[in-house]
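Each of the two complexes below includes chain A, the first together with chain B, the second together with chain C.
Let's turn to the complex of A and B:
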């Protein structure tokens, strides 16, 4: 077990290097002049200035030399200041968001985290529950209806379903608006009397004793949560259903039934725990996916997370920003993957032994 | 005594089932595995419904010029026809005032002699019916092109890894891992944002981006199947008689390992079309006015507060997308049940 974890941990830096190489490789599709104009605010009009900039930042150097400089930065000979270097946290300036990328992430990431936290139970819990319902009623009408309901949701592109939700609940009935907060609440939150402890609006609102703001924030979260849940339920439904059916066919279930265990207990105490193992793996990846920004859903609901920031950056061809964001999300997914694999090994002895 | 006889009968039946199962001619041609898969998807009701949906879309795509003919002498029939440039969307049923298309026979028979906007227009006079019909062509074209290239790339890489094994396999699998680290849509967005200034707007930036981050699952799938086929006795036999690597690969291994990958890939067309639509919904990829469903839906984005009044901008293209994907998913869902070893014989 320890050996397995150590090996995974040793492989991680290797994958990380691969990830950064790939990102930098994408960047080098652009010519040196194009890359200058990505980073410099006043794009030089004449060739001499352009060439001196290319020379100064070594944009014509061999690939690996540039990669190294991109990773650790370059010391300015005159001022002694470090320019660039993502390892130093210098990601650059985001043109689409008009601020430093680190600040952008600091401001946007909590919103994404908040949405992810609230989505976990409706998405994973309800999806799994649907799977259990379908498995219990295997091949009966309920089974078919649940599955069809799931497949239909899975067939909805998130932008179509999200806009449908907005059409009903915002345009027609004005119950659940888009964005993160209403204007009046936004004013309070950004005002002096409101302390930001965690940057998660709902938590901060409760800590500040502002129940009205808490409710307002929840109201804005409802539609994105419904959208994310409905389009993903089918995944959990399908996995839980087949895993449940499999475990209900095992010998120990027959034994349990034979010795007269109540049907309810057979399902809940014997079949379910083992059937849940694949759900654990899936939910790890789902949570990581939610944390790395749900691009389309955030964009539709004008929700200020990192997903919508990435979408805005890529439509405005702001390559610097989107590369940084994709690096961040890649990192999140990598760590999540590691955690999932280790948990899986703990849960399932068969994995551990091999 | 009677009981023993019954048991005997049962046993006989069982043995008979295994020894005398009738093997039809199609099964002989297709091989037992592929036959089982195909028989499964053509007998499950939901997947048959899926096939019907897909077939309808294919027919619409093929007959798009007959359903709504493009402007005469146009260079690009995929450019959505528009009725003036008015900023207010027109309701379905409004008369097509400026430059209507020629009236085809089916329209004359079922609707009338004058074109109306069957599905309304978006702001800017874009006719939604035209967009949905020609968008079907875009969807199928894009789905086939992207899926084809992705599959080819995946198969080549997977075959290299699976066949040669060793250090090459390790390296390739690491690379696969690196590519899979990124969230698919965001990675594709990034690459198309980089490619758009280089190769210009159109379907190509998104196509390349989706291929670049889509091949990995096929590579893994076929690699796994090759690894298992490679160990079979007939491969050893081929080696013993001195067959060359290339012959073993193309004549013996690939034909025996490729079907699961092909089947899975063909059903991914639905999700590929959605990814493409998602990119163009965000405004990455095709230029404004190109007939693709994602872009039509994005027209609805400008009217979110009044969507209840202008519902047709969202509903018609949205319905096309959902039904298209539903078709593929219904087939895919049945297929996964058939291919899932845990669900066998149940």
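Let's turn to the complex of A and C:
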């Protein structure tokens, strides 16, 4: 098992380099003029500015020279010091976000993590539970209702469902607002009297003894969580339902029932653990997706996470920011994949043997 | 059994859908008498804000920077206008009437502030004004503010507006003063290679242009030539505010030492934003900068010690601002902004474009014209249950979108927008639009009314001349092009263009592209109207409408490859010169590749007009010479200014429309 994990860990940097090469190569298909368009306003002399920027950042250089500079940076001819380079922790400046990319990630990633943390249980838990309920009541009324409910959610594009939620629960009844905090809470949190320990607002609020801010932050999380959950429940429902039904038709279930095991134990101790394997796989990808930022949900609910930053960077063709965020997403996916595979190996010994 | 349930559920779903679909609309169901009763209950409309001292403004534009020397966009301009003060200010909604602010009077020929020859402008500086950090504002701070910004330079900054009157007409950047033959535009590294004496001389020259006299309490601007719009230039914008020399020096900016100014020239925005001068602000204005979280919010708090004790105009505020906290939130999605306004969490209602107006109109319960609003007339309440009211017919405008012709497109490396590239019926030559008859033909073949009614929803004023309404030289009676296919055909027949085999343009036809950036529906519609108009003139005139992604569009515009394209301008200051110079002597004259002769003709007129301090004489030059030449030569098709609308929450007080403001001056606002 250890050998398996080490082998996967060793492969990770290579995979990441592959990801960087791929995305850097794809973005290099854009002409230098297109890549600097974000930095050039519609002003007099912008031809000169554009050419000067292309020269300054070496956007006309060969692909590998540009890639190398992005990875390891550039040595200053006068001072001899190295500048830039993601391997040195310098991801550059995000023009679309008006800050260093490292600062952007430091500020936005915790918000995304917080949303993901609070979304995991309702999203995966409820979806899976609905699947179990549907399977237990196979072809009964409750099965039909559950499936219909799930399919309706899956049919909604997230921006439509999110907007409907926003219009009803916020614009009409002012129950669950968008954003991360109310203005009064934001002013407290950004003030000197509030200490940020984790950058997770709910956690920091409790550590600062501000239960009111904790509740306010929770209120703001409700709509994004509902939106993310509802549109994904159908997937979990269907997979768990079919997986459960398949398990319940296995010989060992028939045997268990024949031995007189209680139906509750048949389901919970025999059918459910085996049916959970595909859910584990899917959960890993879902969590990775949540941590990479949920672009549409974050944009609609002006939730300041990685997803909304990625959306802004993409629409403005902010190449430097896109590269960094794709790298972050790639890293999260790789780690999630690794965790899923390890969990899978624990659940299914055949994986370890292979 | 299974199929039975399925059928039952399907039937229920269909039934529910039909019931919802067949439900009569709320408006239809409500009896007319009830509606009248509701309208009568106008008082119910005037809801109050849950937080009357905090103003939440939803916005779609984060500042690029807060450095006053670099910022040249409205997102940052709004912050600077509220944190800093200028020497003079605009009187309420009058963009070209000025009142003293940090100066004690507006310089004029009458009060001696402007010299007889128009070459010097002297401001008497107000005493007792303090910066937010408690330090005194001095005349040295005033002079330093302007000197620093001119030396900070950069062609992407607004400094050209100061460089031109102070350093010489036609100049745009201090780099041109350092090396007129080969200016090191935006290139700090090259600038540093010039010898120290040259650089120091340039610095001292700039300092000699803005001179502080502590004993007299004045600051004098020594112009390079008389400059009619100089006061207007100083009434607004980051380029005109007064900042603290000590604060700038302590926050990463130039400290006033002539030996080091080159180290602060054209610093990239990303570097400026790592410094205090780029990511914060400290002035004498009605609001104190609290914090800026990029992409999320900017917070300003009221300056409780604001110096203003006398109102700048009748009814203007004094003392500390009524709104104690301003939160400017970045909300890109229109639906989310609307939801925030409906919930009362946003105090403004920001449409993305005029296309959002019909949606907002559904939520309007009261209406008033701007003229009535400013006269203090009551809003007419039509439906007290709806959340907003709107102010209509705001005729002030500071921006317009037009169509420009490229007199000679760039064909280097190929040009797919001009077909075959020759006049053979399947393309146009590179200098196709150098023929005035072609430009006039396009001007006559454009359906202006359709654009005004269908795209601009009838709320548009046709531009008869280049300058905006209210600007000197504006003339509603001026001759203008109208949609007239016969005249279009006449002009095409009068064109001097013939093919190699001698076929005239009208008989031969052409093929070319009208290009817009994808997502900009106004530009797309304009391109389509150009296409439709030319088809009306004859099927042989093919204009292909091509949508390009913004970066590609911008790259092609910069490469001057697009033969006909949308041109637009947003006034930097409210004066005709800002338009005439930009369109015919400077920026667009180069973008459109004007022939030198045409540019020279316009520049001669522009130069005379801008140096004319007598408004009557100046107006005559614009009306009789500039407008006539512009119409005859038709370098662009002038379209429309939009009549503005303002959608408001019922608790909003003190708003007015000044076309030059970067959004709002929060000091004038209150909530009740």
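Throughout what follows, the second predicted complex is superposed on the first by the 316 of 354 C-alpha atoms of A that agree within 3 Å, B and C clash if a C-alpha of one lies under 4 Å from a C-alpha of the other, contacts with A are read in each partner's own complex, and residues count from 1 in each chain.
Assume contacts are C-beta pairs under 8 Å (C-beta built on N, C-alpha and C of every residue); 3 or more make two chains touch, one makes a residue touch a chain.
Quantities reported herein were computed from a predicted structural model and do not represent experimental measurements.
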item: Touching partner for A:154 - first (chain B), second (chain C), both, neither; value: first
item: Which superposed partner A:98 touches (first chain B, second chain C, both, neither); value: second
item: Touching partner for A:33 - first (chain B), second (chain C), both, neither; value: second
item: Chain B versus chain C as contact partner of A:309, first or second or both or neither; value: second
item: First, second, both or neither for A:185, with chain B first and chain C second; value: neither
item: Which of chain B and chain C A:116 touches, first, second, both or neither; value: neither
item: Chain B versus chain C as contact partner of A:326, first or second or both or neither; value: first
item: A:141 touches, of chain B and chain C: first, second, both or neither?; value: second
item: First, second, both or neither for A:256, with chain B first and chain C second; value: neither
item: Common interface residues of chain A - those touching chain B in one complex and chain C in the other; value: 30, 34, 148, 163, 166-167, 170-172, 178, 299-300, 317
item: List of chain C residues in touch with chain A within their complex; value: 1-2, 5-6, 9, 13, 51, 54, 56, 62-65, 72-73, 155-156, 160, 172-173, 185-187, 269-270, 273-274, 290-291, 293-297, 299, 325, 327, 329-333, 335-336, 338-340, 342-345, 549-552, 554-555, 558-559, 586-587, 590
item: Interface residues, chain B side, partner chain A - complex; value: 46, 174-175, 177-179, 181-183, 185-187, 189-198, 270, 274, 277-278, 281-284, 294, 297-298, 300-301, 304-309, 311, 314, 318, 321-322, 325-326, 329-330, 333, 336-337, 340, 342-343, 346
item: List of chain A residues in touch with chain C within their complex; value: 30-31, 33-35, 37-38, 40-50, 52, 93, 95, 97-100, 104, 107, 139, 141, 144-145, 148, 163, 166-167, 170-172, 174, 177-179, 183, 186-187, 190, 299-302, 304, 308-309, 312, 317
item: Chain A residues touching chain B - in the complex, by the definition given at the top; value: 14-15, 18-19, 21-22, 26-27, 29-30, 34, 147-148, 151-152, 154-160, 163-164, 166-168, 170-172, 178, 238, 242-243, 245-246, 249, 289, 292-293, 295-296, 299-300, 307, 310-311, 313-315, 317-319, 322-323, 325-326, 329-330, 333-334, 337
